[in-house]
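First subunit A sits with subunit B, and in the next complex the same chain sits with subunit C.
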Partner chain A sequence: MDHLLQILVNGLSAGAVYALFALGYTLVFSVLGVINFAHGAVFTLGAYFTYLLIGGPVGANGALAGFRLPFALPFWLALAVAGLGAALVSLLVEATAFAPLRRQRSDPLLTLISSLGAGVVLVNLVQILMGAESYAIPAGTLAGLPAAVNLGGATVRTVQLLLMGIAALVLVVLTLWLERSRSGKALQAVSEDPLMARLLGIPAGSMIRLAFAISGFLAGVAGGLVGLSVSIAGPYFGIGFGLKGLGVLVLGGLGSVPGAVLGGLVVGLAEALVPAEFSGTKDGVAYAFLFLMLMLRPQGLLGRPQSSKV
Partner chain B sequence: MSGLSLLVQMGLAALLALSVSLPLRCGQLSLATPGFYAIGGYVAALLSTRWQALGGAAATYPLPSLLLEMGVAALVAGAVALLVGRPVLQLRGIYLAIATIALVEMLRVLNLNLEWSGGAVGIFAIPQPFAGPGGYLAFTVLLLAAWCWICARLDRMRLGRAMAAIREDELAARCMGIATTEVKLTAFVLSAVIAALAGVVAAHFLNTWNARQGSFDASITTLAFVVFGGSRTWLGPVVGGLVLTALPELLRPVGDLRLIVFGLVILIGPALFPQGLITPERLDWLGRAWKSQGR
Partner chain C sequence: MGSRLVSLPALAAALLGVVSVLAACGSDGSQQPLNLSGGVPVGAVLALTSNANAYGQDQQIGLDLAQRWFNGPGLGGQAGGIGGKPVRLRIEDGGGDEQGASQAFNLLIDAGVVALIGPTLSQQAFAADPIAQRRGVPVVAPSNTAVGIPQIGSFISRVSASSAVIAPLSIAKALELNPGISRAAVFYAQDDAYSTSETTIFQKALTTKGLKPVTVQRTQLNDQDFQNQITAALRLHPDLIVISAQAVDGGNLIRQLRELGYKGAIVVGNGMNTPNIYPICQASCDGILIAQAYSPELATPINQTFLKLYKQAKGGAIPPQLTAQAFTAFQVVAEALERLNRRQPLGALKLAEARTALMAELLGGRYDTPLGEISFTPDGEVVQKNFYVAQVRMQPDGRSGRFALLNGSPP
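Here is the complex of A and B:
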C-alpha cells in the first residue's frame, strides 16, 4: 500500500503548488473579471529571484553570465523576499497592462491580450539576462532538515511536506483576511460591485492594486517552491504552469478561493494517478479537465453560475 | 534565411492572421488557429510520406497531389471545427479563449505521444512540390489572394454583415433574426480551413513537421498579428501578419530583443490602437485623401 500513499503525497504536494498559483489568478479575476495572463511570468520571476537570492550564480548563456549577488540569504528569507519582488512585478504589470485599459473602459478581451504581452516581455527579459538553461535550487539550502522522512512505510521528501504546509498556511491566512479584516471585506465589496463599492467610499483603485500585489506574492512563492522541489526549467516554465493553472481555475470555479484550492488538489492528484507508461500524456490531464468542465459546468465545481444581464 | 523564404513565411503568417480574425469579426476570441494549422500540417506530412502513389514518377512532388492534400486537410479541419465548434462557441469571452487554448494544448500533447504522428521527433523528409522558394512564394501568394478576396467579399455579404452585427451586440443581432450560432460556427469553420491550408503549405515548405508547430506560443504570435493590424477589415490582419513576420528580420541587428518587441506590441497596442492600425474609418480617410490628390 505504500505505493498508493506515495502517489497520494506526490499528488497532494503538486496540487498544493497548483492551488497557491491558482489562488493568485482567482484573486485578480474576482476583482476585475479578467484573467491575468502574465501570472505565469510572475511565477517564473519568483523562482529566479529565489535562486538569485540564495546566492546562485547566473549560467554561461545569459547577458549576466557569471553574475552572483554579493550576499546569500537563507532559503526562507529568500523565498519571502522573492515573493515581495514578484508582488512588485505584479504591480508593474497592473500599471502597464491593466490600468490604461481600465481607464479607457476597453473590451476585457483587449486586457487579456495586453497582459499576454506583459508576460511575453517578462519571460524574454529573463531569457536574455539569465539564458535559456535550467537552474536548480540545491536541496542543501534547507539546512537542518532531513531530505526525506519515513511516513507509514512510504518515503516522503521533506520538500513535499513543506509545499503542503505552506499552501495550507497561505489558504488559512488568506481566507481569514478576506472574511475578517476590513481591507479583505473591502476587496470582496469591490469584486461584488465596483461602482457600489466606490459610492461607499472604498478606493477601488487601491483595492485592485492590493489584489495584484497579493496575487504576485503568491505566484512568486509558488515559483520559488517549485524551483526547490523540481527545478527551474528555463524561462518558459512558468508559461506551461500558467496554462495548467487556468485548468485548475476553471475546474474550481473562476473567482472562488476554496474552488482554486480544490481544483489544484484534484489536478495534482489526477496527474499523479496517470500510470508511468503514459507519463507523456500527464500534461494533457489538466487541459482535458479544463475542457470537459467548460463543456459541462462552466461555473466550475464551487463557482456561482453567472447569468448574463440584458 | 533567403529573402524569398522570408516572403513565403510572411504570406503564411498573413493567412494565419486571417484565420484568427474571422471569429474575432463576430467578437469571438478563439485561439484555436495553431491547432488547425497543426492538423493541416500533419495531414500533408502523413499523406505525402506514407502514401507512395501520391508521389508520382517525377523528381518533384506532383501539384495535383498537393491540391488533394489541401482538400483533405480542409475537410478534416472543417469537420473537427464543426464538431468542436458547436459546444465551444456557447462559451463567451474569456471562457471561449480558455477552451480553445485547452484544445490546442490537448492536441499538442496527443501529437507528442502518438505513434503515427512521429512523437516528439515528428515527421521528416516531406517531399517538395517546388524546386525552390520561388514556387512556394507564387503558390502562397495565390492562396493568400484567394482568401483576401473571400474575406473582402464577406463585407458585402449577408454573412459578413451578420458577423459585424454579432460583434456589436449579440443579443440585438439575435433579436433582428440573425441565426447567431450558425454565423459564429461558419466563421469558426472558415477560420479552421484557412489555418489547415496554411499548415499543408508550411509542412512541405519546412520539409518536417512536429508537435511544436501548434503551441501556445503560436497562439500568441498569431493573435499579435491581428491586434497589431486590426480585426475589422480583411486588410488589417494581413498587414499585421506581413509586418510582424518581417519585423524580426529587420530587427536582426537587435538580435534577442525581437520577442520583447513582440511582447511590447501586444502589451501597448490595445491601449494605443484599441482597434488596430487599420480600421474602416482610416481606410475611408485614406481613400478620400487619395482621390483629392488625384484631382
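Here is the complex of A and C:
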C-alpha cells in the first residue's frame, strides 16, 4: 500500500511540473491556435532571473562573468519578480515573432518557425551572457521547512510538494479568471471567434498580449520553482520540459486549461508506473501512452473536436 | 520527355566532373608540407557548452596553462616552443554530443592540425575518434575513461586512466571506512558510454567484495528528477550507493538522495570529478568518495610548476584532476613534437608524414607530468603509477569545498 502511495505521490509531483509548464503553452494556443515554441526559453529565463534576483553571481564563462546584482531579494519575492520579467520577455516574443506575421495574415506554420527562432535567440543570449554552466538556487532557500515530508508512508521533497500546490492554485485561479472575470470572458471570446470578438468591441490585440503575458508569467514562475527543485542545468534547461510540455498539451486537449493539468498529471503518473529499474525508459513509455490515448481520443483528454476553446 | 532522357548522360558526366573538382579542392592538404607559419598547429575539442561544459571549463584552463608554460619563456618549461616555434593551440567547442565532437574533429583536421586533444566525453570519442583514425591524425584523450577507447585505432591514445583501473579503488576505500556495509545500490546513466562502462567495473568490484547490488537503477543524462529511482532504492535500505553519471545529473541525484533521507556512504565515478559539482549538490556533496588520478600533493618539479600556474590563475585554488589531465595531454603532444623535431625537422615533413611520425614518437616516450611519470602501451593506453581516493569536504555554507585525499590512498 505504501508502495502504491509512493508511486502516486511520485507521479503527481512530476506531473505538477509538466502541468505548470503546459498551462502557459495552452493559454497561447487557445487564443492563436499556434504553439509558442519560445515558451521553453521563457521558462529558462524565469529560472535565471530568479537565480540572479536572489543575489546569485554569474559564473566564469559568460560575458557577465562575476556580475552580481547589488541587492538580493527573498526567494518568493524574487520568484514573483522573475515571473514579471518573463512576462515582459513573452510580450517581446509576441511583438517580434507573432504580431508581424499575424498582421500579414501569414500561414500559422510560419509563426511556429518564427517562435522557434525567437526561442533559439533567447537561449543563445543566455549562453552568451551567463555562460553554459549550471547554476543552483541554494538548498537553504526554503529555510525553516524540512527537506522532505512523509505523507502516510510516502516520502516527497518539500519543494515538489510546493510545486504541486502551486500548480493546483494556478489551475483554480486561471479557471476562475477565465470563467468569472470580464477580461477572462473576453479572452475566451477572442479564442472562439476573433472576428466576432472585434465586432463586439473586444480589443483582440490586447487580449492576445494578455495571454502572452500570463503565459510568460507562468513559465517564469515554473522555471524558478523547477530551478529550485533540480538546479538550472544550463541555457538549454527548458528544452526537455518544452518537449514534454508539448506532449502534455496534446494529451490534455489543445487549448484546454484543465486538460493541460490533467495531461501533466497523467504523463507524470505514467512515468511513475514504470518500474524504477527500468525508469531510464520512462520517456518512451510516456510517449507510447500518449500515442495510444490519441488513437482512442484524437482531440485529447478534455479537448473538443473543434479547434477554438479555452 | 525524349530530350530529357538524352540529356541525362551529359548531366551525369557534368556532375561527375563537378564532384571530382570538389573532391580535389576538398583535400585536407595532408600531402602538403606541414604549415608552421603561425606555429605548430594542434587542435583541441572540448565540451564548452551543453551539460558537459563543467568538464570543458576545467580542461580549457589546463590547456591554457600548458600552452603558456610550454611556449612562454621563464616558466620553467621548454621556453620558446619547438625549435623556436610556439605550439599554436586551436580549441573548438564539441558540445556534449557525438555530432558536435565529430564536426569539430573534421574542422580541425581540415585546418591542418598535426594532432588532436579531446574530445571531452567517452560517448563523443566513440563517434569522433574513428574520424581521426581514418584520416591518420594522432589523438590524445585527456578525460575519456570508458573501456575500449585506445582500441578504436592505432592513432588513438589517452592520458586518462581507464575506469577499470581507478573505479574499484573508491569501493575498497568505502568498505575500509565503513566495514559494516552490506547493502549496495547502484545508479548509472544508461544513455552514456562512460557511465555504462564504469558501472560494469563498479558492479564487478562490489561482487568481488561479496556485495551483490540490491538494486540497479538506470537514469538518463538529461534526467533532473530522480524521485522514482531514489524512493524505489531507499525501500531496500542500502548503506552504500554507487553512482556513475555526469556532473549535472549526478550532482542532482546526490542532492535529492540526501533530501529524501539517505544517510549512508556514497561512491561516485570519474564523471563527478570536478569542483563544478559543488553548486549543484551543495552541502549534500559532503562526504562522497571518489577515486583520483591526480594529487596536488605530488612533490615533483613539474607538478609544483603546474600548481603555481593554476593558483596564480585561479586565486589560490587547488587544481582538479581534469585540469591536470588536460595539462598533461598538451605536454605529451608538445614534448613528442619536440623530440620528433630534433630527429626530423617538422618543416621538412608533409602533414601526413608528420602526423604518422608524431604518433610513433608519442607512444614511445616517457613523460614526467603533473600526474606523475606516465608512458603508453603500444595500443595507446596510459601507464600511470599513482592513484588516490578523495573525499569531498564542503564548507559549512555549502558553496565551496575540496577533494581531500584520504590517508592510506593507494600509492
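Throughout what follows, the second predicted complex is superposed on the first by the 293 of 310 C-alpha atoms of A that agree within 3 Å, B and C clash if a C-alpha of one lies under 4 Å from a C-alpha of the other, contacts with A are read in each partner's own complex, and residues count from 1 in each chain.
Here is the rule we use: a residue touches a chain if its C-beta (ideal position, glycine included) is under 8 Å from a C-beta of that chain, and two chains touch if they have at least 3 such contacts.
These numbers come from a predicted model, not from an experiment.
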Checklist entry - Of the two partner chains, subunit B (first) and subunit C (second), which one does A:L195 touch, if any: first, second, both, or neither? => result neither
Item to check | Partner chain(s) touched by A:E277 [first = subunit B, second = subunit C, both, neither] | outcome: second
Next on the checklist: Just to be sure I read the superposition right, which of the two partners does A:A136 touch: subunit B = first, subunit C = second, or both, or neither?
Outcome noted: second
Next on the checklist: Output check: A:H3 vs subunit B and subunit C. Expected answer is one of first, second, both, neither. What do you get?
Outcome noted: second
Checklist entry - Looking at the overlay, does A:M295 come into contact with subunit B only (first), subunit C only (second), both, or neither? => result first
Checklist entry - Which partner does A:V156 reach: the first (subunit B), the second (subunit C), both, or neither? => result second
Checklist entry - Should A:Q127 be classified as contacting the first partner (subunit B), the second (subunit C), both, or neither? => result both
Item to check | Interface residues of subunit A shared between complexes with subunit B and subunit C | outcome: 127, 278, 280-281, 283
Next on the checklist: Quick check on the complex: what are the subunit A residues that touch subunit C?
Outcome noted: 3, 6, 10, 13-14, 17, 60-61, 127, 131-136, 138-140, 147-148, 154-157, 160, 226, 229-231, 233-234, 236, 240, 271-272, 274-283
Item to check | Touching residues on subunit C, where the partner in the complex is subunit A | outcome: 48-51, 53-54, 57, 189-191, 215-220, 222, 224-225, 227-229, 231-235, 247-248, 251-252, 255-256, 258-261, 276, 279-280, 282-284, 398-399
Checklist outcome for this item: Interface with subunit B, subunit A side, in the complex: residues 34-35, 96-97, 100-101, 104, 106-114, 116-122, 124-125, 127-128, 239, 243, 246-247, 250, 278, 280-281, 283-284, 287-288, 290-291, 294-295, 298, 308, 310
Item to check | Residue numbers on subunit B that touch subunit A, as the complex places them | outcome: 29, 87-88, 91-95, 97-99, 101-103, 105-106, 109-110, 112-113, 171, 216, 220, 223-224, 227, 256-257, 259-260, 262-271, 274
